[in-house]
């Protein structure tokens, strides 16, 4: 979550605000209050907390921008702040699941009240500063939509009953997937990063020049059947394929397959419960360590983020996003050119998450942490089946630590040329 | 939880069964499903789990006693077993709070179904074996009534909003409490332990002879104001007052006062929310380490369990129990003789929890763990404000590890003579 | 380590002092400075530290008894204090192995200097107070002689080269061992504990009356072949045989056999290196958890310490002690009556380590910790092959936590009658 | 440790081998065997282990290159392998300090024997393969010379006696240090990485093109007095200055100043014992987190490794290296241009340690780990006062995790322009 550079939308501002806020709430339809309460690991948060925290963001940074604003629940500021140290102390992250109060009903009320107040503000007309804060809040909200789903999936997976979140049945892919081919990328000085008049996070800026060495990039991501070959070939038992930290993790955690695969290697846990493993579907829920080891096993490497961005530069950001309501990657698609650069699975890159040359941290709480996570994480690109469609763009930089597996993250290969 | 030696009640068996089962459910009145979901530490369980586990006990050991019985939810056996290794594998204790399914509503249905089935069984007449299993199940249920309250109290205390479970206002004690006096106990060979025709846990048997050395026992437990003097005297900073393990715990955990006291030393968290500290009320939520250190500071010691039982032998088991709905210890009462031996606070004794001479483990799952907790724990006597009145008796042996503080546990002093 | 009640010896005081001090040093003959430096776990100490700490004891409590005494190395007080909180702060126990300075040579010098000073003191005549402090220091020294050996054994075992400390070859026992028989003990009121004019630790006092229930005690401890039957019968895989904490330890630590047995179940690591497992020799290096589980498997139980002491009351304290220089238990011996009550292996009892009725802590630093370890430990009786012969007596109470395995601890069985 | 690309030296091969091997041994002059035994943390190794492991390297990869070679101590292979998984299993790193055997004397013998055998090999003439393995072994040896010193420093620091390794007295700097100035670097496409005929690690290759954005670089590293201003300004208490992981580390570890500074902020622990803090000397023993936070506080940033390498390209690799026997950074020197790019302190860069474009892992055990540490670490440049002079070069890439503080690591600042 970072600060906007600018925000312009053709959609009516109020309609857009209400649409995105409602979309979050709709994700919790059909869930019991208990489902929204559970926190299955320190890295995850209860769904309820996501509902409250995204609302707190608007209360703190939009309503609270007016110094005369008085919150009816100032104690909630402490509970629902996440990592804005400059805004005040915060509740310990691993203990979010202990907060039975406020209840889900109280948090839905909270959302309604804040939505009404922000909606009224928008209706009366807002200046650029407030518009940009609302825009930032909406992008922040969309990030939490994805996290709400991946956190919930993890919580359900921890339950031996393996409950299903939705009952969508994905159509099986009758035909085999497109063969993997490697496409030559550009070489030499190229520009990457965001420059323009719409919204982008500050970590996407400034647009700057970088140098691409000779390389290729795969026309599509890796499928389940391809990853299965790695598993069956003993990939998880061959130290030489892994980074040192990765091998230590494999040993310590007993990893033998992707996070949600069953040990029969022919079914997996999905948001639709246990399903048969679709051979042609894109493999997901891999850590960076696994993506990197697979690439080494395949005699390839991961693309850098600059290679990815330059390759994706001309493509439309369409694909299997949250709005498809599939909640799972689909099979590799047919066609020429680069397939599924967007949607389905986040693609791990070979690039550590660091700042771009000339990067500037914005002043104040909104910009507080710009860059503060720039240590020990790797960049992912392209969005997933849990990402809202209008949240993604070619310059978008997602990042996670190398052991993280609970996101819809997969692999696209590349080569030195 | 142990096996019964016998069970006879004047109350109609069905009425008794229904009364106790309903009492558990009534404890959750007014709570939100989210409240029942929370597990605040590995030693505690969600209220929901207590509701389900006590029901599982009847399904497993009463209904399941009939080999033709088929559970509609066999998967729940895994979830709601606690530590009966011989009955099968069980869900990891620290992860009980992750189970959003079955929901609270489903568990209430489960209770209703099992209650109906067991009720029908009772109505049709049951043999001694089944009667004794039901009796055991009811005592088991009562133990979990107390734990449900103490676990919930801990969960609410973890919430910075410090919610109140109930709104009972305890009357302040205008008059000072009875001065502490030390009463001489009997000396020589005495018999302790249960012998009779009613229910008792096996750890209370067999009744056996032991030897009491010359000693006295205090006429009443220690009050908040007396314990406050210890705190103010630097008791928590004086290594020489503590057991070695206790001092290590004080340092590691940063203990400076009883678990739920606020740092102003004049208020405390209760099941009625934050309340003023009542000087004459019995101090509670102490560990064995604190009870022992306080006794050393006071130039006294804790009584042994044999001293306690012999002293309590002629007294009526009346006092401030669960049924008073006070949910907190009251002030030290007036009167001659031993006061408040029963109710208010469990009293830590100087006796490690070990088996009585001649103790026998019963065969089968019901008896599996008899004695399996006999390591590293200390005996407590007399019941608390969260104990059901008809659950306690003079020979009742409760036990907890020396660092446990979340029970209503306090101090009665004694002396060598 | 506790305070003496009295000390009278026929041996000349100076000769006795020098003999015991030299015995400690002699234990390190043939070892390299590096061997004396190693600390293999927090519970163990480097041999070097034992040499220094026992010397510190004399400097602190004997020489330092004279207020005009000035230590040439006051900084060493901090390094070589162990757990005398009232004497001052101390170096963290788990970090003792990090102290390369003072070197072994410097510590030998230190010993020589202090021995000379104490010897001179003794030569010039000492009062009762000083005599009793020296006596305490010598018993303290003897405790550390045993620990030096068991700590060193553990350190050597951590080395994949499995070095031998000594080359003694134990004679194999050609003949089978005496069959195990159970001998009836006394019943009713008996007196145990130390009373007399010689040295005893305060935890052995006061002599007091206790009550023995009907019971028997085995004529000899358990042998390797008997314990092997337990291992082969799946004892380490049967939850029902274990205390709950014991089972958790077995699972967590992966215990499958006694600490120093090799996985072939026919050889073991000893202070003489890897040796064939002698079937008739007494099994050793067991935790309380294992002793207790074995007893349950055998349909027996461990004796209480009162049963042990009453049974041993008339026997001579002779056996396989440190002075035999065997450094390992021998085979079960023949003969009528109770065999090997003393020496070979410490015998775990069913008694938690608590104070005797009327126990009094002595004032001052020497008495500081009397009783401060009385939590979570179990009493062992009789001494081992690493105990100096004149250190043991019938009332001697050793104690260790239930998971400790690095001592020469074994099993004698008993029964309720 | 990586594979050589080539190795040519004017020095006679045998003389060079003997010189470097002797240099290692000379570092242990004056140390007691106990000093060489200690391992103060899992990241460090005993000096003794460094002596043995570097010798093992020659035995394994040079002598062992001859298939007929038989080691006299094959068990030592297990003990002294470090992280060459493909060569076989290895002794757990955190337990290196537990190995009292082989003793220091035995390891010195081992060194002598292997040196003789390798020397003989060299004398008889060796092919390119063996020459390159020896060259690699010598660079490996030099890396361990530096680690031997930094590990020993840490071990001595853990000893409250704070022993001195050497007695060198560093001359105080009478004159103030050169003011810090920022020098413009080149902009645009530049080439970095090693290309040539001498030795370099594979992570320095291939030489490749990269793009430098507009920037400056400081003329000298940061001094103690400059860093002290940051400490005094509350730098360690201001969350906003730190990376998120860095702030968590500061809180968890209680960092308040550089690793070896005393809390008086005017003295520090050095290899010469406790010394007064020299204001003009370069600050050292900083983590990446501290270097990064200091830079943010100073309104600057760290240089990238490409910026550093391009700036250093024309300079001579001279400075305060191991051979100066100062064992500590000196004061900032006077003069125009970039000062102290080499020696004194390793300089943290803003570059995560990743492979260069076109990087290739070499086949076999020697190349096994090439790149396997490329996760979560940051590049340091320029060598330190503990680095052998002929070990460093402009393309040399050192790397450590961001929390590591026990190396002689400091700060050079830079700016975007």
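Chains here go by letter, A, B, C and D, matching the order in which they are written, and residues are numbered from 1 within each.
Keep this in mind: a residue touches a chain if its C-beta (ideal position, glycine included) is under 8 Å from a C-beta of that chain, and two chains touch if they have at least 3 such contacts.
Small disclaimer: the values here were computed from a predicted structure and weren't measured.
Think of each touching pair as a link: the shortest run of links from chain B to chain D has 2 of them.
The set of chains in contact with chain C as well as chain D is empty.
Farthest from chain A in terms of Cα centroid separation is C.
Separating the centre of chain A from that of chain B, both taken as means of CA atoms, is a distance of 47 Å.
Once the centre of each chain is set as its mean CA position, chain A and chain C turn out to be 59 Å apart.
Separation between the centroids of chain A and chain D, computed from CA atoms only, is 38 Å.
Residue numbers of chain B whose C-beta contacts span two or more other chains: none are found.
Contact between chains, using the touch rule, shows up for A-B, A-D, B-C, C-D.
Across the complex, chain D is touched by residues 32-38, 40, 48, 75, 78-79, 91, 95, 97-105, 155-156, 158-161, 163 of chain C. Interface of chain D with chain A (complex): residues 83, 85-86, 189, 208-211, 213-215, 239-240, 242-247, 288-289, 350-352, 354, 357-358, 368-369, 371-376, 402, 416.
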